[in-house]
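Per-chain numbering from 1; labels A, B, C and D assigned in written order.
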Amino acid sequence: MANKRYGMVIDLRKCAGCHACTVACKAENKVPDGIKRTKIIEEETGEFPNVAITFRKHQCMHCQDAPCVKVCPTKASYHTEFGTCEVDPKLCIGCKYCVHACPYRARTINPENGLPEKCTLCVDKLAKGELPACATTCIGNAITVGDLNDPNSEVSRAVAKGARPLNPEWNTKPSIFYIWNRR
Amino acid sequence: MHGEVLWNVYIAIYLFLAGISAGSAVLAAVNQLFGIWEEKVTKAAAYVAPFPVMGGLLALVLDLSRPLNFYQVMLHYNWTSVMSWGVVFLNLFPPVALLFAVSHFTGWFEKYRKALAVAVMALGVGIGTYAGLLLAAISANPLWGNPVLGVLFLVSALSTGVCAAMLVAQFVFKVSHQSLKGLAVVDSTLIILELVVIAVLLIGWAVAPTGGKALQILLAGEYAGIFLGGVLVFGLLVPLALNLLELGAFGKARHIPAVAPLLVLVGGYFLRHVIVYAGQAIYPLLLG
Amino acid sequence: MAAMGEKDLASIALVRRLYEVFRGPDAAGVAELCAGNWVSDVEETLAVLGLARPATWHSLLQQLGTGCHNREQMLEELSVEHTRLFVNAYGGTPAPPYASVYLNDQPMLGGQVTLQVIEWYKRAGVALPPDYPEPPDYLPVELEFVIHLIQSIPEAGTGQAASQLRLVQREFWQDHFRLWIPQFVARTTEESQHPLYTASAEILGAFVQQRAVLV
Amino acid sequence: MELTRRNFLKYLGIAAAAGTVQGKIALDLLRPVPSQATTESNVIYKAGVCGICGMNCAMKGKVVDGVLIKLEGNELDQQSGGSLCAKGNAGINILYNPDRLKYPMVRTNPEKGIGVDPKWKRISWEEAFDLAAQKLSEIKEQYGGKAIAWFGGHKGTDFLKAIGSPNDFCHHSTCDTVREVACEVMLGTSAYIPDFAETDYILSFGWDQFGKAKNAWARLMAKALDRGAKLVVFDPRLSPTASKAQEWYPVVPGTDHALVLAMLNVIISEKLYDAEYVAKYTTGFDKLAEEVRKYSPEWAAELTGVPAADIVRIAREFAAAKSAVIPCHKREAAQVHPNGMALVQGMIALMAITGNFERRGGAMFRKKAKLNKVSPPEEAPGLETTIRVDGADRLPILLECGHAVYQSIADAILEEKPYPLKAAIIYKQGLFSMPNPAKFVEAFKKLFIININIQPDEMALLADLVLPDVTYMESATVSVRKYHALYPQIAVSEPMVKPMYETKSRSTIIREIAKRMGIDQYLNPSGSSVRDQQLSLYGLTQKDVIAQGGVISPEGTEVKYKDLTKLSTPSGKIELYATRLAEHGYNPLPTHRDEWILPKPKAGEFYLVTTRFATHRHAQMQNYRWVHEIYPENYVSINKKTAAILGIADGEEVIVESPYGQIKIKAKLTEAIRPDTVCIPHGYGHWSKYLSNAYSKGANDGDLAPARSIEETLEMDPVAGSNNDCHLLVKVRKA
């Protein structure tokens, strides 16, 4: 089993909602027209004048207990040695079960090759010791990437300090954590 | 806002055809084992059983976005995936059902017919149930993620299977009016059961925290017409009424041979269509 | 050294004539058209290749017949139409003559498709001069590459070099050229208001359809 | 064998005889090279400078086989800090957009106007240069050089000088002239930089660089917030910046000035100011104190809707903070109102009396690196006249700042006052940069227009001659860090890829035209030798800087503080009482003028504020796929409750009408805006059908703006000449 678990802590207090991550990802990963692997979701709560807006970077959560991996009939969806969720194009038959099973709605189908299209945490860059494209370009420095299984990593420390995943009640053990906006 | 449709009409067709096969297989097996009606009924149902699911499999392959990799699903299994279980059933059912049909057609392996019947019934129930469970396993989906869906798909599979067999029994094998009446009783029972299961589902959604969306889309949203009209009224209530007429519940019996089973079949398709489409429309893909 | 067959020569001549059209009109080109050289070469090569004349051939001849009385005006018309079809047009350029626009995951130039084309050129032993301003997947460049492959394969004989070239030719045609040209042709014929471009696109489409099976 | 009879062999130049052919046809384009079996690509990184916004972030471009694959920020650069915004990342779209202008073109349709197809014809550069030179020479001959104008970026100043024209136009009066002029007269420089990295307190009056994603400022403000700095935002809408603030006050649009004055009043009357700093580094404090005495917090509360107690508290917090800053960029909501100039004066005074200029965490002066000067080989003969078409000669301080009056040009052209304009070279200015563009279209119909442009936008459609420009990814530059230069720094770029198609740089184009007019000796030299010459001040060449990572910091990266007694103001100090304004007969103090406060909107009427999406710069990015996809169209934000009263549903089309025009646009209902205010993001409504993605998406807020004549401008803002785009009320109704 993989003993690394790469994940991301996204500090929503620093996220300007600028979409640089979305565009950098498109450039890095040649994501087809009309599809985004990561995107900013703007959430407004409250009533004027007590209103808050949160910009949240949304993407594949790289769950450790991933519904997509669980439902894939051919084990094409799997965890890499970095603990990220990945799709093996050789095994994938394009049944789309994973797309429907993902509670975060973080997958779609690439019309060019029929494969599930989603964030890979730029696993090829991780393998080279580089950071994902979104993390390097983030103008608010809101994105930290590291090994959650290493208690001394910056991400682990942020999690220890209270960074939370989205919908932990789904028990999918996501590897993407958020530090929520204070307003 | 509308969700992206990734599972389209092919999947609805597949679910529908697989259900017919499952239902008629169970009917054939039950009559084989218990001899409730004349043998022609078994024959009719046994002849129906293997074929729709084969058409369904074709539809399934057409739905794949990587159809050339189709064979991988038979080489690699993932036992946490309901779909892999389905693959097992789908691998075994057609040959067994075909064997059963051949046995009735040619009279071969008559000795093993009962054993075949047991196998065909088990696999039929498997196919009839797993499709619903496949959707039910998607627990994040407020419409699909409901285990009762497995029961609904099974009951509907039996109902459509019985109706398909009824049509063949009636027009190809010219079975007796008596047997048809008996099948109409079975069909009516299944329809009532299906209505009860639907009621349970609706109540389930009504009390579930996220079920409101499911109710909204089925009862008031863009799929309300097809669900209320196509499934409930014309697919269940009208054929039930026709069956009851047929059975003399309202006085003099009359013969309206094909209408009720046909309506049940059409309703059976609509049911799967609605569930497949509404389940996708219920919330959008976030990364489109 | 194996010689090129008649069909290869005709293909080269035809592609060359099409190349002249898609590269854009100039006074010399109009002179060729009006002298009838362009038409007769195309007719002859089509006959050798067993390809039919396109449906718009007759109207092209008519247009040339009347248009050649005022060559300057004809050049003007061709220029405006070439610009509209292939450069910048009101409502979006109908048929950008760049493969990447059709084949990239994203509708823009550059990207994987351009890199692939560069690789095929490299493997076939050709390159664009550094100061050539158009991108490598520009239609006239790819047409020249088609010519290059046709004439260098027989020349390379039967050795490893020849099989390498044949492999490049097969990849270039199957994974690339035959995929985007039909789209380009469809868009051009749909939008073109001048029979020279309609006819040339139709001929290009027919030629690619025929030859794609052979390579 | 029939071969011998084939005519086409003659065409191919191939000799054929008796069944054999000899020769090979020569290729025009492809050249033989040693064939390579390898499929390995050759990846290199090139040094670049982003050209999308004025921040000019230093970048690295990943280039494979001459194809630009990806852009990344250069971490050596204090502005980019290693990151790029969405726009910067989408730069590749600009380079490789199929809609791009590729060759010189002339219009063949003489009719011009909105929605009229110019019916372009590709021509050669020779023809283009000849045509341009001939037209401009004719006009110069007949009407004088002054009949020729340059629009955009002051990049044609030398050309205008060479032909004797004073008409050098830029867009700043619809943008940031109030800030520039106020800073010039009080600080002797055109801008200051917020030292977010160290600050403890940030006060924003509509300033929203989070929302606009200006790289360094957004990044450093995020850092400030992370460090626990306090952010207080006054903005009629909950902007992205406001969404990060501890306190947000939805102030009445156009009234921020009253807040600043009341805070000055509190700080001075409660003696919370830094008396020692004031005495040492400022002049005119007593006059300021006298002026602000009348602006009580209660008075401001009445105008602005911000409770007096909060004004007092914030003023005290601001004064007590160890360091505090009021960032001010341009075109913030409050500055597009006639009190805008005084507002910036007040902001500067507020920071000055609390001792926050040139202090850690306060407002810093730009530390711009020097370069060796380059000048033309020959001095130009001089201007024909100093009287300008835009009337900027009547605003001496604005002119000294090097700017123009933009909005007045349309009327001047139409009325031919003070003299007729006949031709314009328009570079980097879209039609949508102009307020009330319909009026400008009418004006432009009267001119011969040469447009140097990258994409076929509305300006290109109005042009007589379209000349394709290179992008910043195809050219080299020496770029002095300016926007956020805490220490002197220079970034150098090289062409990442060679210029595509037949595009040429502006300097080449202008030189070729000038050559044909016989005036090229008056132009600034350009090219790589000039860049080397500029850098020779540091004993370096362009290549050396690129070898050092593309960015150099000649004096190190330490922040050095400027002596605040040696400023470029007349007194050398910060002038709270701006003597330069007084000299010209203007009010030197940040006096509030009640008559410039808009009347309260009646039912169905609204204040208008504008913004722009983080993914777009002005009206220039909407056609680029990666960012287009994120915000394909704009909308008008309306408060949910107000919309309910008007019966407007979310996503429904509405008509927004101002005294100057109307637009049809979708409504976006939100709680994040004042009920009496609507907000429209800028840059949409493109009507150039050549823009395949942006065409007809959304609407242009500029259609609602006035293009004020010079007389109107002088009445509202005689000092900075700003257009005050949003000094109006709009009506909103269902479409």
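Note that a contact is a pair of C-beta atoms (placed from the backbone, for glycine too) under 8 Å apart; a residue touches a chain by one contact, two chains touch by 3 or more.
All of these numbers come straight from a predicted model, not from anything done at the bench.
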item: Result of counting contacting C-beta pairs for C-D and A-D, higher pair; value: C-D
item: Between chain A and chain D, centroid-to-centroid distance (C-alpha), Å; value: 35
item: Between chain C and chain B, distance of the C-alpha-averaged centres to the nearest whole Å; value: 56
item: Rounded Å distance between chain B and chain D, as computed from the means of their C-alpha atoms; value: 64
item: CA centroid of chain C to CA centroid of chain D, Å; value: 43
item: Junction residues of chain C - those touching two or more other chains; value: 106-107, 111
item: Overlap residues in chain D, where contacts from two or more other chains coincide; value: 69, 92, 625-626
item: Per-residue overlap in chain B, given as positions that touch at least 2 other chains; value: none
item: Chain-to-chain touches, reported pairwise for every pair that qualifies; value: A-B, A-C, A-D, C-D
item: Chain B partner contacts - residues on chain A that touch it in the complex; value: 34-39, 41, 58-59, 67, 70-76, 90-97, 99-109, 113-115, 117-118, 170
item: Chain A partner contacts - residues on chain D that touch it in the complex; value: 69-73, 81-86, 88-90, 92, 210-211, 213, 215, 218-219, 222-223, 225-226, 238, 240, 243-246, 248, 250, 614-615, 625-627, 629-630, 639-641, 670-675
item: Partner chain A, residues of chain B touching it in the complex; value: 4, 6-7, 63-67, 69-70, 72-73, 75-78, 80-84, 87, 134, 137-141, 144, 279-280, 283-288
item: Partner chain C, residues of chain A touching it in the complex; value: 26, 30-33, 112
item: Touching residues on chain A, where the partner in the complex is chain D; value: 11, 13-14, 16-20, 22-24, 26-28, 33-34, 36, 44, 46-49, 51-55, 133, 136-142, 181-183
